[in-house]
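Both complexes shown next keep chain A, but they swap its partner, so chain B is in the first and chain C is in the second.
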Partner chain A sequence: MSVIPGIVAVNTFREAVRDRVLYNLIFFALLMMAAAVLVGGVSIGIERDVIVNLGLSAISLFGIVMAIFIGVGLVHKEIEKRTLYSLLAKPVQRWQFLVGKFAGLLLTLVVNTALMTVGLAAALFYVTRKFEGSDGTIAVAIYFILLEFAIITALALFFSCFSSPLLSTLFTLGIYVAGVFAPDIRDIGIVTSSSAVKAVAEGVYYILPNFHNFNLISAAAHKEAVPFSLIWQNTSYAALYVAVILIGASAVFSGRDLK
Partner chain B sequence: MSSANKPRAVYFALLAIPVLMIGLVMLQRDLDTSLSMLPRDRPELLLRSGTTLKRLSLGYDPLLADIYWTRVVQYYGSRVGLPKATFNLLGPLLDITTTLDPKLMIAYRFGAIFLSEPGSAGAGRADLAVDLVKKGIAANPEDWRLYQDLGLIYSIHLKDYQKASEAYLQGSKIPQAPIYMKVLAAVVAQKGDEMETSKLIWGEVYATTQDKLVRQKALEHLQALDAELDLKRLNQGSEDYWRKFGRYPTTIQELRDAGLSGEKLQDPTGHPYVMGPNGVPQLDPQSPIVLDLDKKIR
Partner chain C sequence: MHHWPRKKFIMNAMTAPTIEIEGLTKDYAVGFWRKKMRRSLDRLTLQVNEGEAFGFLGPNGAGKTTTLKLLMGLIFPTSGSARIRGRSIADIGMHREIGFMPEQPYFYDYLTARELLDYFARFFGHSAAERHERIRKFLERVGLAGAADVQLRKFSKGMLQRVGIAQAILHDPQVIFLDEPMSGLDPVGRREVRDIILELKKQGRTIFFSTHILTDAEMLCDRVAVLVGGKLQGIGAPREIVSMEISAMEILFELPVGRTLPDHLMESVTHTGDRYRIEVKEADVYNALDALKGSQARILSVSPVRPSLEDYFFKLVGQQKDIASTKEAAATEARR
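After this line comes the complex of A and B, so read on.
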């Protein structure tokens, strides 16, 4: 297995750190501290729920924003700075470059999320004064958020292979929003009497990345156990979906004339 | 990258993507099954203070009230009729909605009925309903319909006929109030515990409400009251039968043959009444009518 994607990934991660993208952690820390202090005053009896909901929502939101806005510039920036030409002049395949870029941004998101998780755990401990076994669902919820980031990063990278950063942002955001509402799109087919609409709705449901699968925030807040089958199914789903997008991105990028 | 690699990547994508998509569809089906096993119906109300929400709404409180009102309807609609349904958040949700928009009359009227309703039809919290309607009256003193709702809660659910009569009387003094408010005040004070009085109260709710759910609930009560009156009459016939023949009838037909059943042998939903043990007439088990447990036939 080639080490080239790994080298590209590490450089992408370093570049992200140099660009101070991890500064969002300061805002997250302030948010969690403020929430931990204020939560007792406004949400009697459900302080833990508020901290978990707020923390996981912030982790998800910050990560999605990072995945989209950094992801759409990954290829475009390299072309604009002309660094891509010198890179591809070396024995580097285009798919290796894409996989490396994807892994690099995902690594950035994992590090960012890990640090946010520490902040969430601290706020949770401040409020509840203890950790319980049922808090494990929070870890699963964070893992699912990371799977979500992987798909969004791959989507942003895919669009950045053939489109401008602005359009790529719109496309990625559009697919993300549609993916969140995937079950509602399927439900349109259920309530309609038209078999054609039903078939289209079902088709769209299966083609879109179903981000609803990964939403475990409420379950984490309510300390609900998550079946193991859901973990491996979601892992497989995210891996397959990322593979589909990256193969598509490689096909598009390999056919692109960079002259 | 050589040009020969370009079509190779495209061919690979054309082959691999459909195969992977089939895998994704199969996985999504498994995920749908797994997700359906998770309890998705979790009541949540993170911020319970309407006043705080009003401040946070930055002047968009009427819009937020509409959103909360929609939540009330969804919350109630998703639970009503379920065997072990609870409506713990109905009171707080209605309180927030009416704090955000104190003129949202539909919320007070909805709350008056469904906060009070016992069993699987409501929260069974007539006390909260009284508080909500009184809050509505304080914000909308010119609306007689809230006094009508207050009278209903006192007379039907709390059996406090004195307070119910006072509420109707108070409402009747508002210029636009219909004349029947005075009639209700008098009838409730004199014959509050009679079924005919309950019929009169629910009949006026049915006639005046704009809310479909409230209208349906009023209709259900009217049908139940009609059925209760029918069963009371049939039960009287059954007693007469015993006095005449020395035994209770085993079927409604026997009662009819003896000329003691009267004309109405079906409940308001069209299901025939049936004879239970010891000559006690009952509703057909298939009938959707739910009788008021407080009112015994015998």
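After this line comes the complex of A and C, so read on.
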């Protein structure tokens, strides 16, 4: 039954809303207002740059923190509080539960990000008094940020299937940071003379999620156009990466004793 | 619509026991560095028939919850197998026909009772109108109609227990598993849960519940199984189990003024007012009666002493403890 993950997802979203997760939006709104007023006051021609840079960075940071910290608790909390016992006695398979949890947190992040985007747009309009065609890059940048969230959420969920929230947080954070610097890891392989180091560096480069390619924040600030191929590539890359991680998480979780 | 040849399947389902557990065994790894296996359930084999109320008895740590978790697919057996209504426990479709209430149930505390039941009911594909009606009915049945829209974080333990029962029977399952349904309830709550179980039984459902409260088991169960230390110790109707154990006869009598009893009886006699009571081995009944006749005692009654399920239970637990301490002593001896 394919609707089952959807039922779990909606409940996960409801949990996030009732746990006041969306309160982070207040901080974001305050940040945007302060930035808009300050930048508008000193106006030296870089208002747009500052607002776009700051806004996108904040959207990314807030979302990553949410994806990791909520993501690592998704499964763990249900086991710890034993809420999973009655759920899994229903006709719900474990992979359906996992996919539902993943989709629910992603839905939360999408809603959160959409609301932040409204805030960013308002701040941008306040300082520039207009929207232009090149602002489209901002939308693509936000879309890429969402793809990043999907990968991070999947990773956090994967680790939480077999380790504690603390360790899962460290693992996910570690992979995120390493993924941002993925090209540098590959460069180690290029400059080294040792073939062993080269092989390891390349292997790590291909295994890690390459978050470098998802970062369009400065491109959006500088109104650079985004080639359509990049959108397509990043979308399929993220989809494949998430699918593999979720299949791995399901495999681990489906054989696990819930003590 | 295509019609499957279902006749054969139905025939099988009618003849086969509702719950069949065969050699079910669960080992847990314990310890951090040097993992040792600890056997939590040892080759459990039993059958429960359709419409039976089956009590699963045993002290804490006997393996009751382990068994239920194995049946629900929350943990996986080391060896052995189990079938419910002819379907393997590994078959998720079987979960449409069963209901389960975990021990000391805990639910999403950010939901209200109504929302929680609605969430669970969705997994069974009921329409919105049907869900609404069922939830109304079952909340009333467990006495929570007044608290339907209160968040579960504000519920007492007894109320959560009722929500636990409601979610287990909401989809009209044929087989219902309850893990310690009476624990943590006050006498009124226990009575209510007992009534619900009796009602389900009257409707022909099969009920499998674990408990360490023996009077509940005696009152509700057609049959009970006693589990101690992961091993099945006995199985049968509560009466059957205890009647196997008749070991003594009780004689009540009155003694005329000035009469005394022979010394060997005097030792084991108790009395309240004029009435005397004596407990003797079954084989010694006639000797004792002869002696009483000699003392011109007036016999009021002679009846077998039927130990309660509780006595039987404690005896078994005691035996296990003896075995355990003997083993431990032997192990200590061997280490020296």
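Basically, the second predicted complex is superposed on the first by the 253 of 259 C-alpha atoms of A that agree within 3 Å, B and C clash if a C-alpha of one lies under 4 Å from a C-alpha of the other, contacts with A are read in each partner's own complex, and residues count from 1 in each chain.
Just so it is clear, contacts are C-beta pairs under 8 Å (C-beta built on N, C-alpha and C of every residue); 3 or more make two chains touch, one makes a residue touch a chain.
Please read these numbers as outputs of a predicted model, since none were measured by experiment.
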Under the stated touch criterion, which partner chain does A:7 make contact with: chain B (first), chain C (second), both, or neither? second
Figure out whether A:23 sits in contact with chain B (first) or chain C (second), or with both, or with neither. neither
Now for A:210: first (chain B), second (chain C), both, or neither, which partner does it touch? first
Can you tell me whether chain B or chain C touches more residues on chain A? B
Looking at A:247, would you say it contacts chain B, chain C, both, or neither? Reply first, second, both or neither. first
For A:255, using the defined touch cut-off, is the partner it touches chain B, chain C, both, or neither? Pick first, second, both or neither. both
Would you check which partner chain A:88 touches, where first means chain B only, second means chain C only, and both and neither mean what they say? both
Could you say whether A:15 touches chain B, chain C, both of them, or neither, answering first, second, both or neither? second
Residues on chain A in contact with chain B in one complex and with chain C in the other? 88, 93, 255
So in the complex, the part of chain B that touches chain A is made up of which residues? 1, 5-6, 9-10, 12-14, 16-17, 20-21, 23-25, 27-28, 30-31, 34-35, 37-39, 42, 44, 46-49, 52
Chain A touches which residues of chain C in the complex? 28, 69, 72-76, 92-93, 95-96, 98-102, 104-108, 110-111, 119-120, 122-125, 164, 167-168, 177
Which residues, counting only chain A, touch chain C once they are in their complex? 1, 4, 7, 11, 14-15, 18-19, 81-93, 255, 257-259
Please output the residues of chain A touching chain B within their complex, sorted ascending. 42-44, 46, 49-50, 53, 88, 93-95, 205-207, 210, 212-213, 218-219, 221-222, 224, 226-227, 229-230, 233-234, 236-237, 240-241, 243-244, 247-248, 250-251, 254-255
